[in-house]
Amino acid sequence: MSLAMNREELEDYMSQIFPQVSQDYSVQDLTEESIVMRLAVGDRHLRPGGTVSGPSMFGLADVSVYALILARRGQQSLAVTTGCSMDFMRKPDGNADLIARCTLLKLGKTLAVGDVLIFSEGSDKPVARATMTYSLPPEGSAAAAFG
Amino acid sequence: MSLAMNREELEDYMSQIFPQVSQDYSVQDLTEESIVMRLAVGDRHLRPGGTVSGPSMFGLADVSVYALILARRGQQSLAVTTGCSMDFMRKPDGNADLIARCTLLKLGKTLAVGDVLIFSEGSDKPVARATMTYSLPPEGSAAAAFG
Amino acid sequence: MSLAMNREELEDYMSQIFPQVSQDYSVQDLTEESIVMRLAVGDRHLRPGGTVSGPSMFGLADVSVYALILARRGQQSLAVTTGCSMDFMRKPDGNADLIARCTLLKLGKTLAVGDVLIFSEGSDKPVARATMTYSLPPEGSAAAAFG
Amino acid sequence: MSLAMNREELEDYMSQIFPQVSQDYSVQDLTEESIVMRLAVGDRHLRPGGTVSGPSMFGLADVSVYALILARRGQQSLAVTTGCSMDFMRKPDGNADLIARCTLLKLGKTLAVGDVLIFSEGSDKPVARATMTYSLPPEGSAAAAFG
């Protein structure tokens, strides 16, 4: 088991494929089993009440697991998100960045599963948890289909 | 059982509380048990490949159930999203609006559960399904807390 | 689109592959898109308080979708359950059978998704909802693997 | 933060409230934040193919989080399971016990969330993951209601 891309290669590649949003995200740490991703929280991520919106947390969870799969399998691996479960447990601090800690529970031939805990920076109580599942493209093909 | 707000009142109220995004959404139909919500798909909802992003579909599902709870319970009801499960089953058409068909399975004193099917307009095969759960504020209080 | 097995063939086949539990379940209705399955509630399905246990409801949801996939794809289709989300909304009546109403949202080449509403017989308020996802075996193989 | 029951008290109490199934489960480890629960796998937990059934894994996940909530809040705390999401990732070994490692992500006034990883004993690759959510009874009442 090893990484197909290191942290710098992963961020470069993500800025190519997600030019509109990649500046929001930065990889804080990367191992073969885990990734730590930061979302630089800005006005467009907030919702009334000064908290971070649900879609922003969903996006962070999805990007985190997707990036970890990319780092493991390399650029040819255009995984397709097939499922998501999330629990929203505490109100995120609208003045703090969000930190996602993601672990890959399974990276099979056709299916990947990643678990994510999301924290407001500086707190050790998770604001949300997510599990994301992906369909993986067969070896040699460019992208997964929707099953 | 009856509605605390009709369709026009609901759209007016949503434009007050969600001024940044309310122009994206419009209520197509509203009954005591169900709502049909349209997302006017624009560039900011797309991701590479010309398809609608996951966060946009999450946001549509959340807004749909939230709006239906509002219509049933009235303006004092600031429900808090506590959970979500989604399955992404087909690739949305980036050139079509998304239509969410939402049913309220439970509207209890402290907990609400809504089911959503999301379609690309003009297709009868769902691109995604979601179940959203909410914590409801006790009678007379302004907002639910995170349990 | 058509059924590979009718209701009688489906029940016969299920009694062969699930001899220990098949007498608990009976197919009430079967179409190309939906199935209605009854769980004959007995003592072993109950938990303290005289209500039906969570594992019994999980099992009913899983059997319902699995049976509908079988009816559509035929006996060679040994689908593998890969995911489940459930919401438990009301207390089931321990003195009534459970009725599961299941719809197939997707039956792709490698992935199937089914939605289930579970009722205590005689009530129109669902006690639980479930979404079950399955990995499907490629054509000509005997069983799906775990991705 | 402290435990209202230690491991022996917890097992004693569970054998009172779940007499039919408590001999299947044993608490291997208990801290304020986590529990390790063993399911002694027997014939009734198996399904065709010599693997452990989905309902057995659901039951193990539910019992694990429920027991941890009991240990933290004490005997008066009759939590009600309101939601579950599970991913089944590998085939459990029908000849090995299952070990559930459970962490409490939130124990609020009215809502609890626990994460569970399930392993076949002797393997470090999880066969399943689960998140279980619970409604908690208000202080002084005997049991939670269904929201």
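Letters A, B, C and D mark the chains as written, and numbering starts fresh at 1 in each.
To be clear about the criterion, a contact is a pair of C-beta atoms (placed from the backbone, for glycine too) under 8 Å apart; a residue touches a chain by one contact, two chains touch by 3 or more.
Note that this is a predicted model, so its numbers are computed, not measured.
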item	value
Remotest chain, subunit A as reference, centres from CA atoms	C
Averaged-CA centre spacing for the pair subunit C and subunit B, given as whole angstrom	28
Where subunit A and subunit C are represented by their mean Cα positions, the distance between them in whole Å	33
Between subunit C and subunit D, centroid-to-centroid distance (C-alpha), Å	24
Contacts with two or more other chains, residues of subunit A listed in rising order	82-83, 85, 87, 89-90, 106, 108, 111, 133, 146-147
Chain contact topology (line, ring, star, complete or other)	complete
Residue numbers on subunit C that touch subunit B, as the complex places them	85, 87, 89-90, 105-106, 108, 111, 113, 115, 117, 126, 129, 131, 133
Touching residues on subunit B, where the partner in the complex is subunit D	82-83, 85, 106, 108-112, 133, 135-136, 146-147
Touching residues on subunit B, where the partner in the complex is subunit A	17-18, 47-48, 53-56, 58-59, 62, 80-91, 146-147
